[in-house]
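Heads up, there are several structures right after this.
Okay, so subunit A shows up in both of these, paired with subunit B first and subunit C after.
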Partner chain A sequence: MRWLGPQQATTPLVQHILLALLASGALLYLLHRFLGPRGRRALIVVVTFLFGLFFGLEYFLPVRTKTLWPTGLPNTGGSAGNLLTPGIEPMSNILAVIGAFTVGLGVYSLVQVHGRNVLRRRPGWHNSLAFFISFLAMFGFGLWQYSLHLPEPLPPTLTPLQAFANNGYEFLFRGLYAPLQAATFSLLAFYIASAAYRAFRIRTTDAGLMMAAAFVVMLGQVPIGAWLTRGLPNEGVIALLRLENLGDWVMRWLNSPAQRGIALGVAIGALAMSLRVWLSLERGTFFAEQK
Partner chain B sequence: MAGGELLPNEGGGVNSLEHANWFMRALFFTLSAVIVASVLSAQRGRAMFIRRIPGLSAIEEAVGRATEMGKPIFFSPGIDGIGITTLQALAILSYIVRLAAARVTRVLVALRDSTVLPIAEETVREAYDAAGRPEDYRPEDVRFVSDEQFAYALGSVGMMAREQTATHFLFGGFYAEALILTENGRALGALQVAGCPDPVQIPFFIATCDYVVIGDEYYAASAYLTREPTLTGSLVGQDLGKAVLVALIVTGIVMATVLGGATPIVAALLGKGG
Partner chain C sequence: MADLSANSARPEIGASAPGFWSRLQQIPRYYIYLLLAMVVIWQILFPIFLPITPSATTRGLEEAIRTVPEGKLVLISADWDSSTQAETGPQTAAVIEACLRHHKPFVLMTLAPPMGAKLAHNIASEIAKRYHARYGVDWANWGYKYGTSNVLMAMVKDVPKMVGSDFYGQPVKSLPIMKGVRTVKDIGLVVEVTGLAGMTEMWIGLIQGPQGVPFSAAYTAVMAPGYYPYLDSGQIEGMLVGAKGAAEMEVLIARPGRGMAIMSAQSWAHVLIMLFIIVGNLGYLLARGRERRG
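What follows is the complex of A and B.
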């Protein structure tokens, strides 16, 4: 347990982790063993309802708590709340722990897909082999470097093994992964250009209007736009025809209301969807089929 | 708790994003009541009209295209974790897999969030069962690609290219990776149907996809596709809820015009939570 670090590697914490893992495993086994599909579905419906009720009530209940916690609310970092607010952090922790369990499922899915490719020598199997090598290299160096608990900034003298572990991690993360990420992001510039070219080809009246609006807005954003209409006055109605003002007008009075209209519709849609999920009315895997 | 006092460290009020004020409570319960009333009304057999949504109508055509070409379908539920947006995407996935399974067409699902993986697997498995073809379900068709945004995008593009997918469905929360997915999909000649509730991403999809589901049409998908009374009622409730909001906006405009912007009523509406 040395890799946990000097502070974390205390016996009670390790015991708690092991106990929690055992209890979770036993609970999952019992649920899987004794609950049929209908029972599992009923359990999901009940848990969904209770969690939704908890978070909903926490938001809607009035904040009047001095009589309950005269010295301040526990578990809230000093912020205000109501009867349920102290439960938010533990509830969020539960969700985070459940989420952490699924990382293993993700890795299992990757190993399953790529392992099959390698074992059956499917076309492109060498790509899957590259996955295993990269995965093991990053995992190994990451864990090794973390277990050394090197201070920041690095001390001038490192043992050869420490230097190897640290340099390996730095090479993989900062030397390989970060530039690859940046290179992918930069591809977006080309994709935006090609998508814009396709969108702005004037084939219909709508496309023509969009092109005209885009032309005005883009020119309004750059100095040459202001230069083109520099002869127009700065004051009065005519000033609106200056490209920087016209572009601003299009964004403020045409674009913003349209975006807000869509946002309002989306908000109501999300509310309806939330109610359907909360009350298990939605059609889907974990919600009973409608008869 | 009535009559209790605010805690001293609250500064006399609470952030209304953390706790509701009286207006938020009233608005939430009004909108919820409208939606639930519409659901109950639809369940009692009241006929409800849903306008045509081209992006959702195109799903069947898009699945049919993949079947005719004998190639798989690619589906991405976006890069968000478990939430309302992703759950709606999974409901759409369920419908697509049922259609595809009945026509013996594979659906490849690429996932970024590992928490979505077990739910997506279960969704696909149950859809194959519902279509009467459980033997066609292949666990490796629902894949966790990577939890990094661009690694996910490139991994998905790799899947498209290797499997030569004929139809791409992108429903869910998308961000900068959206264009990488759709521009490459377009280069492959795939028919693409996309939907996203985020107004910022919609223009990119419109520029690169054949059909796009816009704004709140996204949350209308399950009702539109299944026509089940409960969902249809909820959809009509959404529209009534929008009418309530429009009425509030018009009232606000009139009040602001007649009374001026900073009236006590406006201040009370925007007041802090608690």
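What follows is the complex of A and C.
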């Protein structure tokens, strides 16, 4: 159990984890066994409502008078809180545990889908096999390397096994995973270049204005823009015509107000959406499709 | 934006009668890809360095780091992965360099995605070696912490308890850098480096606003426009915008790095894209003129 870390590798903690896992499993089994779709839906609706209510009340309830203005100014000093604030940490822990369960659920789902593909030799089964190999390799080396608790910086001499574990993990992470992900997203630059050339046509005045703003911002974002207008003075009204200043002006004076409006609209939309989720009014949620 | 989508569906002017002007609108995409790749490779191999003038947003971040009170930490929240590493990697490096240059102890933390903890750790380890900065004393990595907003809420009350163990699995309470760190108010500055939308709103809503902890950020160029309102309101003290922001920070701390190297390639790539747009529009306008004339 060394992989749990030096602090946590204590017997009571392991016992608690095992007990919690057993209790969770038993509870889930009982809920599945004795609750029908309607009962499960009702349970989820109630739990969702209670959790939402807790976080909402904790945020909006006034803090205790003694800690409200500890230094004479609002929101400074002290740790202001109300009667629900102490519950934030346990609630956060509960959410973290639920989140950890979803990781397990995700792995289970992936193994189920790809396992079926491999066993039945469905078209593209070799891709599923690649999933298993890469998943196991990364999982294995990741856990092994972590369990070694190698210090920072690395000691000059590692045992052959330690070196193998560390190098294997570094190769998979730094040598394969990171560059592959970066390369995939880098392709976007090529698509954007092609799309800009094909789609950006000045058919209307609006499109012309948009192109002018785009050119100013694009040039203002790179040193070549500043270089092109380097002859203009650094101070005074004419300095605004330097491309880096013009680009900044577009961002601060044209973009910023528009972004404020968008942010306000998004916030109101998010509030409405949150209310619908909290009150389980959203269509299709929580087994709504089940009869 | 409606114009753009309409444009893509509309047939090109003069496309029915292929001529020089219509062909200008129909350069095969493979040539575009090839030219862009050639320009980027050319500038990576033989960069043409142009002078970089730090913007007000970058100067704001540098000043925020420089003025962190003695004995307080800089918390760098590295919420990025390889997909945005071209920008967020140099940004993280530049912020770490600035902390070490100004002798400000810093800690790394990742709220999402988990990969950021390792990538930022590698960058910090390499830079720390140059400054002879010791892990646990001058810097530390709290690692990936699951729970985003719940983590921040827990930090308000008790930072060491929330963090628990660091990147290596050792208890953070045992690290000298954590001496005197109890609540989030013992952090002098939060610098959020991210390519993810929504993280800043969380930091501002739960930490910067209610707790009064100074906040700064580094964003990918594509998402930065959305955060200018926070800069105007003073909720964000300074901001790095894309690789340019990293390059500007490198200029401010007089330490040329990856950001400056990227800028020459990005400069010429921008020019090439603009040239393509101009050529396409030239073909479009001239072909339209010919069609109107007869």
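Just so it is clear, the second predicted complex is superposed on the first by the 213 of 291 C-alpha atoms of A that agree within 3 Å, B and C clash if a C-alpha of one lies under 4 Å from a C-alpha of the other, contacts with A are read in each partner's own complex, and residues count from 1 in each chain.
Operating definition for what follows: a residue touches a chain if its C-beta (ideal position, glycine included) is under 8 Å from a C-beta of that chain, and two chains touch if they have at least 3 such contacts.
All of these numbers come straight from a predicted model, not from anything done at the bench.
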Contacts of A:Asn82 with subunit B and subunit C, given as first, second, both or neither: first
Partner chain in contact with A:Asn166 - subunit B first, subunit C second, else both or neither: neither
Partner chain in contact with A:Val277 - subunit B first, subunit C second, else both or neither: first
Which of subunit B and subunit C A:Ala196 touches, first, second, both or neither: both
Contacts of A:Thr48 with subunit B and subunit C, given as first, second, both or neither: neither
First, second, both or neither for A:Ser186, with subunit B first and subunit C second: second
First (subunit B), second (subunit C), both or neither touched by A:Ala178: second
Touching partner for A:Gln259 - first (subunit B), second (subunit C), both, neither: both
Partner chain in contact with A:Met211 - subunit B first, subunit C second, else both or neither: second
Interface residues of subunit A shared between complexes with subunit B and subunit C: 79-80, 99, 181, 184-185, 192, 194-196, 198-199, 259, 262-263
Subunit A - residues contacting subunit B, complex: 59-69, 72-73, 78-83, 98-99, 102-103, 105-107, 109-110, 112-113, 116, 123-124, 127, 181, 184-185, 187-188, 191-192, 194-196, 198-199, 259, 262-266, 268-277, 281-286, 289-290
Partner subunit A, residues of subunit C touching it in the complex: 3-8, 10, 27, 29, 32-33, 36-37, 50-53, 55-56, 81-86, 115, 118-119, 122, 125, 129, 135-136, 146-147, 150-151, 153-154, 156-158, 164-165, 168-171, 183, 185, 209-212, 221, 225-229, 232, 241-242, 244, 247, 263-264, 266-274, 276-277, 279-281, 284-285
Subunit C-touching residues of subunit A, taken from the complex the two chains share: 4-8, 75-77, 79-80, 88-89, 91-92, 95-96, 99-100, 146, 149-153, 173-174, 177-182, 184-186, 189-190, 192-204, 206-207, 210-211, 215, 218-219, 221-224, 226-227, 230, 244, 248, 251-252, 255-256, 259-260, 262-263
Subunit A-touching residues of subunit B, taken from the complex the two chains share: 1-7, 9-10, 14, 18-20, 25, 28, 31-32, 35-36, 39, 81, 84-85, 87-88, 90-91, 94, 111, 114-115, 117-119, 122-123, 126, 130, 139-140, 142-144, 147-148, 150-151, 153-154, 158, 162, 176, 179-180, 182-183, 197-199, 202-204, 206-208, 214-216, 218-220, 222, 226, 228-231, 234-235, 237-238, 241-242, 245, 273-274
